[in-house]
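Single-structure report; data block below.
We just call them A, B and C in the order they show up, numbering each chain from 1.
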Amino acid sequence: MSSSGPKESLAGNLYQEMLRWPIFDPHSHIDPHRPAARHFDEILGYHYYTELAHSAGMPASQVLPTVARPQRVRNIVEHLNRLDNTVQYEWLSEITQTFLGHQGPLDLNAVDSLLTQADHSQNSAAWDEHVWTTSKLEAVFLTNEFDDPLEGWDRSRYIPCLRTDDLVLKLHEPKTVERLKQASNIDVGDEKSLRLAVASIFAHFVKCGARACAISVPTDFVPRPATPKRAATPLRRALHGLDLRPDEHEEIRSFVFWMLAEFCAEFQLPFDLMIGPIRNSYPAGVAGGRDLFDRRVSLADYHSLFNHFSGVTFPISTLSPDAAPELVAHCWIFPNVVPNGHWWYSNIPTYIEQDLRARIQAVPKTKQIGYYSDAYKLEFILPKFNMYRRILADVLAQEVMRKPGWTEDSALDLARHLLVENPKRLFPAVRST
Amino acid sequence: MSSSGPKESLAGNLYQEMLRWPIFDPHSHIDPHRPAARHFDEILGYHYYTELAHSAGMPASQVLPTVARPQRVRNIVEHLNRLDNTVQYEWLSEITQTFLGHQGPLDLNAVDSLLTQADHSQNSAAWDEHVWTTSKLEAVFLTNEFDDPLEGWDRSRYIPCLRTDDLVLKLHEPKTVERLKQASNIDVGDEKSLRLAVASIFAHFVKCGARACAISVPTDFVPRPATPKRAATPLRRALHGLDLRPDEHEEIRSFVFWMLAEFCAEFQLPFDLMIGPIRNSYPAGVAGGRDLFDRRVSLADYHSLFNHFSGVTFPISTLSPDAAPELVAHCWIFPNVVPNGHWWYSNIPTYIEQDLRARIQAVPKTKQIGYYSDAYKLEFILPKFNMYRRILADVLAQEVMRKPGWTEDSALDLARHLLVENPKRLFPAVRST
Amino acid sequence: MSSSGPKESLAGNLYQEMLRWPIFDPHSHIDPHRPAARHFDEILGYHYYTELAHSAGMPASQVLPTVARPQRVRNIVEHLNRLDNTVQYEWLSEITQTFLGHQGPLDLNAVDSLLTQADHSQNSAAWDEHVWTTSKLEAVFLTNEFDDPLEGWDRSRYIPCLRTDDLVLKLHEPKTVERLKQASNIDVGDEKSLRLAVASIFAHFVKCGARACAISVPTDFVPRPATPKRAATPLRRALHGLDLRPDEHEEIRSFVFWMLAEFCAEFQLPFDLMIGPIRNSYPAGVAGGRDLFDRRVSLADYHSLFNHFSGVTFPISTLSPDAAPELVAHCWIFPNVVPNGHWWYSNIPTYIEQDLRARIQAVPKTKQIGYYSDAYKLEFILPKFNMYRRILADVLAQEVMRKPGWTEDSALDLARHLLVENPKRLFPAVRST
């Protein structure tokens, strides 16, 4: 920030102050057994780089898992100069500077050095610790499948979260039922045994310190109260691997989704809704880069859910950037609906900035969960949070200039709510019962 | 505005100039019999504070009408520090400073003093006058039910407007029919007598100086030309309190809405459409804080209305902030469609700013109705208009910097159109016939 | 730009540099036989001025073709002071200054002088050349009907593009079939002969240097693979002028659209989609000022098209400003989908600015087609591109301030991609086969 007006220097001060704070990251895809990258390919293999390189002309075949890792890296690096304008490139640039000590362009000449610098196959535990400490991480939420044993890592650092997409969307697949039986030790075959099995999974997660139940909800799904009566037969058919009609699929999705909300109420877990993706919109794309969305979604379809489960906190992420104002209004009215970070296609500075400004102007400050990283490797948490902190600092500086009576302290107080206090309070550490 | 670049000082000048102008407020919910607040509870009881406090954790029961007023005030004040980031808090802050002489935080310590300062039970007329004068009010439009006798106040200050939601949406309720009979003195029982009754109401309103007919249109309604033939039976059934099928309800809504547009044409009243709310989305909310919207609305559904009634001015407010660009385009094409203020969930500085910039760049300046307060108590008109004037000053300063040939005078000319000239001309004082 | 912070002077530098570049304009409605205006009425008769003047109160009858040209001009000029706030007025102002040497207000006093200055009936070729050179034009894409002989002009300057709306949307009109027969010299009567005829048209266009196939797609159309089998009968009926059921119309639209995409693949032409208009929304409007849109469109409806024709480049323009973020996401994922300029109701500085910022932050720089003029007369290309260049300079200056490691050179490199390199590469000069 080379400019030096009062706004810019205020923004600079706010940013510097935020850099001193710990990071509490309420949503990620970190693998707690391998949190930081052991190989540069685990940095550059992040779907943002493979999909943007592919979008810019790189054949998808160049990043298949069968391609040797150094070659995959070279294939992507070769295309980076086509996307060096993007914010994703900025993250990469910050990572290579902060964690790999790399200066200069990210081109083929740099690959050997990057591969060497990023090789942590021999010192992985120390490297995990280094990234953790350098990033001032305090806690990172995971995304755990329902049958994850949740063992083998420090659960005060890497906090379990129950991801439930498979239960709602793939209950008709024999593999899901098999996993459910194994995880719950219950012979799931009907609505009653399904409920027992899912209850045991919730109990296990809560006992292991889980702080959220999460799901990504496709655009063609509208939550509604399903009745055990109507769902009984389709459920039995699904759980026994029989064919289902479309309306039976729909009945099962509705029933299981509603049941999950009931368990969230019972176990006092927030139900983290990530609304809007269409999976596999572009099947020929690279892994992780095939999903898009339909912008014609509306939270109006969720009113009955929010009303029925008034005791459940719903942290909401929406995918379509133009749907952001609707979320602001819903969080302003429903006590149990809170805005959760800036997700995926909405995680772009200009969209964040517009949305953040609205949230700050219209949603009580105690309700806003500022940001999460959505990262797969620890190294990405810092640059993503720094991007957000820069935007937040800038928006807050503008608010201080604009608002009579607002000071730098008011701005920092707000920032602390968004980044530290709210995520801790709104995803509370549940006491196991 | 502590910054001091050329843009900031220009914005400051523009704002100072606008502060000198009278306020002509073309939409409010002011009660002309009790225009200003007699009790601090009438300030703090505004649904924005009760709903935001409730959203931030205050039980709805704490602001029930049965709670004693000082206690209601205390209950809300106790939660204000959770929402002191919002623009609504800014309005409150400006009110307590400007009208109640209060400095310092709005916390429990301040409540006694605020209650005392705001007690105007003994000097209500003088207080109404004080707020009117301090705010430089010139005229304030009301929201009058169709059976309002429109008597007992100065109609050159408080201008009647015919609100028609009940006629369109609740004609099947016996109470509505009863009110209609009483107001019109016509024994309403079929389409013909309904038309006579509504005509007499229009005549009464116009005689009393009404300058608009208004309605808020729900998201599931699409205006269409209904025929007396198809509507005859459903209307008769409705007017006699008989049960209706959904398609009959729909027929009645369509018929009455279209008939109102016909009377607007006949009586030369603008038809003020406020498009988008879903009533009672959150039934457990506080009074006035239960409505939301569905963002999937489109003015494309209104083309036949705008085409058919080319002689009627349609001032349009839309509720979903992301629908704003569509309104800009429609006002740019249809001579009889004009953008009307920034409504409710769109009445947030960042949304206003984006929308205002587009309107200024794409809609003829003679067509834009800049702002209305939507206020329930006089005290809110000034801070709301000041918020708008600050944004307008800022946006205009940017335009002056950006546009070759634009000067401070061009900017003020535009501002005067938006704030003063257009609302007066587009809501003309109708001569009674 | 009178302000002088570091951002402003950087923006100024960037803009000055861009002014030196040639203009490569990948979409216009220029008539290559009369590219520049011969009469001021051809400037002021642009639908933006007639429709805005009409929207601001001018009767549509005042600009009918039957009105004498000087009078038409006067009728419009008389209303210009109602819309001197708009960006369209800015273009006009820049044209009259740059090309007509006019200073001062555009009012009735100026009309005689403007009419004289703009009269090029006697020196049309020299004037075309003057505007071309002054604007630093390099190439301008046309919009050619499928039966355009494409002869009589310099096709290296005015590049043919095959516009296909009539084939898809009006194939049932006898006039279309007649034109198709004449243009292709094939007796079109069924699916097979239709395919031959369209093939011959593609061949002709490509031989004449066409660089795109274009269509504007209405909101009620969803591309889908149609089968020759289902389409055969409806096609035959349409081609013989017989009546069609709505589903048959739909089948024909689908079939022809898909066939065009197949020919784009075969002939390696980009398929330029302009998505969203509703034609004749306001039938009583002025010519060219009757169309609007429905904002409820989604590119989700185009996934199967983009997937099926992975070898075809789809430059996309969307009409509803709030649909812009969706296009960003689709261009980020699909290699063959690229954002194309800022179209019509989205071609407003504030919408461009928001959208441009997102594209710069999220779409590979090699994929973005910055801008096209959509102009009907050469004179409009320069002011429209200058408007865009000013916004681009401003947005880039902000990015340079914001992004660590970004310099003025990075910004210019990006600008050159958007304005020069990408449109040339993404609309390649096809070698005739």
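Just so we're on the same page, contacts are C-beta pairs under 8 Å (C-beta built on N, C-alpha and C of every residue); 3 or more make two chains touch, one makes a residue touch a chain.
If you're wondering where the values come from, they're calculated on a predicted model, not measured in any experiment.
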{"item": "Type of subunit A:subunit C copy interface by residue overlap (half), same or different", "value": "different"}
{"item": "Superposition rotation for subunit A onto subunit B, Cα-based, multiple of 5°", "value": "120"}
{"item": "Centre distance in Å when subunit A and subunit C are each reduced to the mean of their C-alpha atoms", "value": "39"}
{"item": "Contacts with two or more other chains, residues of subunit C listed in rising order", "value": "5, 296, 322, 354"}
{"item": "In the complex, subunit A residues that touch subunit B", "value": "5-7, 296, 298-300, 303, 306-307, 310, 322-326, 328-335, 354, 357-358, 360-367, 401-405, 410, 414"}
{"item": "Subunit A residues within the subunit C interface of the complex", "value": "1-5, 51-52, 54-57, 82-88, 90, 93-94, 219, 278, 281-285, 289-296, 320-322, 345-346, 348-351, 354, 390"}
